[in-house]
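In the two complexes that follow, chain A is the common piece, with chain B as its partner first and chain C second.
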Partner chain A sequence: MEIPEEVKKRLTIPFEENFFAGHTACQGCGASLGLRYVLKAYGRKTIVVIPACCSTIIAGPWPYSALNANLFHTAFATTGAVISGIEAGLKALGYKVKGEDGIMVVGWAGDGGTADIGLQALSGFIERGHDAVYIMYDNEAYMNTGIQRSSSTPYGAWTTNTPGGKRHLLEKRHKKKVIDIVIAHRIPYAATASVAYPEDFIRKLKKAQKIPGPSFIQLFAPCPTGWRAPTDKSIEIARLAVQTAYFPLFEYENGKYKINMPNPKKEPKPIEEFLKLQGRFKYMTKEDVEALQKWVLEEWERLKKLAEVFG
Partner chain B sequence: MEYNPIKKVVSGNYAAAYAALHARVQVVAAYPITPQTSIIEKIAEFIANGEADIQYIPVESEHSAMAACIGASATGARVFTATSAQGLALMHEMLHWAAGSRLPIVMVNVNRAMAPPWSVWDDQTDSLSQRDTGWMQFYAENNQEVYDGVLMAYKVAETVNIPTMIIESAFILSHTYEVVNMIPQELVDEFLPPRKPLYTLTDFENPIAVGALATPADYYEFRYKIAKAHEEAKKVIKSVGKEFGERFGRDYSKMIETGYIEDADFVFMGMGSLMGTVKEAVDLLRKEGYKVGYAKVRWFRPFPKEELLEIAESVKGIAVLDRNFSFGQEGILFTEAKGALYNTGVRPIMKDYIVGLGGRDFTVRDVKAIAEDMKKVVESGKLDKEIEWYHLKR
Partner chain C sequence: MNTLFGKAKEEAKPITPKSVDEYPEAPVSLGITLVNFTGDWRTFMPVIDESKCVKCYICWKYCPEPAIYIKEDGFVAIDYDYCKGCGICANECPTKAITMVREEK
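After this line comes the complex of A and B, so read on.
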């Protein structure tokens, strides 16, 4: 279908496609959708760094690549360090990095590669102030290795190493607030985003591009395979994560917090609505659900206060 | 322009820093560790004084140091780093990554003993533990070789697209001052032109993916190409070493430097600064009538099999001096040398002397004592034992 140029210009999500069919993601994969939006926002003049994660596979085996941008695969713990090195190398060679007309250097890592094994390199990257964007696509477990819990896995979730069973060995720790650690660096720009709200995500990507220095986006990216959910429910689940305030969308810019969604003045939806679409939560007892609900609301209150005081 | 050396009295570490400066490195990412620190401090000083235009990344670990070097090198920049012992071990995963990505990073490793127990002193086990990462390894005998080694390393590494480690001894070189003949910048530039990368990440019209998953149908050939590059590197090392000699009067065309080999009954074989002591001792032993020589292995990877064979053909025995040890086996150079000769059928009697671990002093007197022992072995044609823990307190 031919779309007129003037229409293309008015699209809130860029028309340009730089992540192609033929990639090897599962049906309903949130991560692949996220990567598609990243490349729509930044275009071809982008260097993507991918550590060990689902996207290593999704991008395609040698000699193929689903990305219409330069891609450097790296080891699990190193995303923050490699984007630092690429930025420095580009600058040494006289290239403009970041900004509207600069080369975009993007780290694209999963939650395990960010919240666990890559946390130190992430911290170093932010603290040193490199001009690059780090995106953590959060599917809440080590999905590529077969659904093992990470520190970003929520309370009550089944994974292959928190399998439930007679002794009720479910994940019993609440999701690590990685973005709080990121904000503790007083980073110029950090945000949460969701594949259910692509216009919001694109806007945040564009903002991350314009603001000098390091940027961090934590993208909520459902994994139907690991979450034991129907493949046509990814967007609905991601939307409910926001509407229940389980994964609120907010920005941290120049020391100020801004909540985007859900509406802070309204009661969020009950957490059950988010849980019930996913098989991974089916072993939770009533008490488990209450514990998770309590935590979600406490964290939500905390975020609202931050937005009030530092808004 | 004629070569008139600039003589400077510098430590091994400063020699490394000056070499990096003269090689016009563009990115340095490093993390502090004794006894490597003064290399990076000196480079930071060059930057602070406006003598060098370098992107300097003070990273938060050695693992990240090598990862940042890999990222920078993948853009096409010339990259340098330095480390030691625990730091090198922490880098291990990324050493494989650098070689697998075919990035000609040059790193100085200051040989230091692995802990525990803690030790900051000279020992080769740290670098030799990285034997199979795909890096080339050059062992410097003195500060001049540290300087020359770094300059040659860039030329060799960037020709074959294999990263290279220049190795110097903790304190014995790193913190000891010697006269080093440096090379005026214009002449270094003539010898070492800007890097021509195998690939870069900056051609956005023809995007590439580096390091993508290779199935069993393809992985094998990736390994073979690295193996071939190491074979090719032997030729490049010799020609670059020869060119260096022609330009600057210090010849490195041999991967194994030898002395008194023609009529020697046996030779001492080893690597690094301890060979300086050996050369001194051999001069004295010769005066006393011993028919001994030396074979200083400069390049451990790629391993100079062919040159070793020539040496082995002309002597009755080889006393290998290993400042390192592979637990459950023997000194590492000993294993390598024996293995390299096995299929040639040329088998001089070989004995392994474990010396100087963790910085234990290794002196001319020790070389003489070993000469006495090895002489008996060669004359009797009988090996009393294969491995001698020479310094052991009894």
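After this line comes the complex of A and C, so read on.
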């Protein structure tokens, strides 16, 4: 469908739509929104590799597909290996991979398929230096199988394995910093992004397209079902996660750190504002909130120092 | 048809193999999900008040379906065949031009 030129000029993200409605994501899903932005940025000349995760379901029941691009379903642990193989195969056949007019090979995996099960395939993919983009959409638990904790689940969160109460504990371990593991490979381009800031996310996707070698983007994608939050609040939660410095947006490019959001010169918002919108945090005691706040500020100070030294 | 997917929506037909011979040899996609009308998941439906709309397209930007489309006059409209009623558009609208109304069927 066509729209007038003056309307097109006012749009802040590309108009082209390559993600079909009628997909089977839950209401207010952050992951489906992220996938929509990825296909907006890269267009139809894309091969998306999806392991076992929510997106397997979102992409549609057989024989239908929600993506107006090529889609490859694979096993849980193999996203990094499959995008390496597809990239090597395309190059052997003489196709141009990555760059302005090349074919984009995109790995789209959840936090369980990246931080826990797919970590060695991800490490191998970065170390071998394939020309592909790996996107981890972080919804902070295994949502597809019924909200089990992953290593990306934050401190104090309720999940079905960490139900809290008198006999059980809430999650008592802090979130694994996958982006730091990725940066330890001295990758050419790594970044964090959030669905609440689509312009920033699409800019990072375009940057990853231009830079040769492997790229990694960690996308914060709220899950109203698993986070026990109202469906209309998912964008608000994602925005507060950035503003409280719980999930700061930054880039790592050729050894240099750059913080995008929140403003490093200002004090971030208190973590309670992010916690109070979500039912999964309602069992936290005062001490738990203080422990999480302390960890968030420590990590934020660490990132600010890194940006100062390697800026 | 004046919707986001226009012709693609009209042409999308459900695929129902009648015998085992009609199945493909490998598990490949044969159609698109536009045949799957997710509108009946909804409890609350978004209603747009065009007198308050300032054409900022924030609702269009954040719709996870996507079920919001831009009309030729620049206003936005909702494809109720697909809208799941999550309410993100109403929550994000800066002028509160979108309200969630309980749907009676």
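Of note:
Please note the rule applied: the second predicted complex is superposed on the first by the 300 of 311 C-alpha atoms of A that agree within 3 Å, B and C clash if a C-alpha of one lies under 4 Å from a C-alpha of the other, contacts with A are read in each partner's own complex, and residues count from 1 in each chain.
Everything below uses one rule, namely that contacts are C-beta pairs under 8 Å (C-beta built on N, C-alpha and C of every residue); 3 or more make two chains touch, one makes a residue touch a chain.
Nothing here was measured: the structure is a model prediction, and the numbers come from that model.
When the shared chain is aligned, no partner comes close enough to touch A:Pro214: not chain B, not chain C. Shared-chain residue A:Leu71: touches chain B and chain C both. When the two structures are aligned on the shared chain, A:Gly28 is found in touch with chain C, with no touch to chain B. Look at A:Leu11: by the touch rule set out above, it reaches chain C but stays clear of chain B.
By the touch criterion defined above, A:Gly118 lies against neither chain B nor chain C after alignment on the C-alpha atoms of chain A. By the touch criterion defined above, A:Pro268 lies against neither chain B nor chain C after alignment on the C-alpha atoms of chain A.
In the superposition on chain A, A:Gly60 contacts both chain B and chain C. Once the two complexes are overlaid on the shared chain, A:Gly85 sits against chain B while remaining clear of chain C. Residue overlap on chain A between the chain B contacts of one complex and the chain C contacts of the other covers 60, 62-65, 68, 71. Only residues 44-47, 49, 56-57, 59-65, 67-75, 77-78, 80-93, 95, 103, 120-121, 123-124, 127-128 of chain A touch chain B when the two sit together in their complex.
By the touch criterion stated above, chain A contacts chain C in their complex at residues 1-4, 6-7, 10-13, 17, 19-25, 27-30, 32-33, 36, 60, 62-66, 68, 71, 198, 224, 230-236. Of all residues in chain B, only 26-27, 29, 54-55, 57-61, 63-65, 67-77, 79, 93-94, 97, 201-204, 207-215, 218 touch chain A in the complex they form. Taken in their complex, chain C has these residues touching chain A: 2-6, 8, 15, 24, 27-38, 41, 55-57, 60-67, 69-72, 74, 79, 81-82, 84-88, 90-92, 100.
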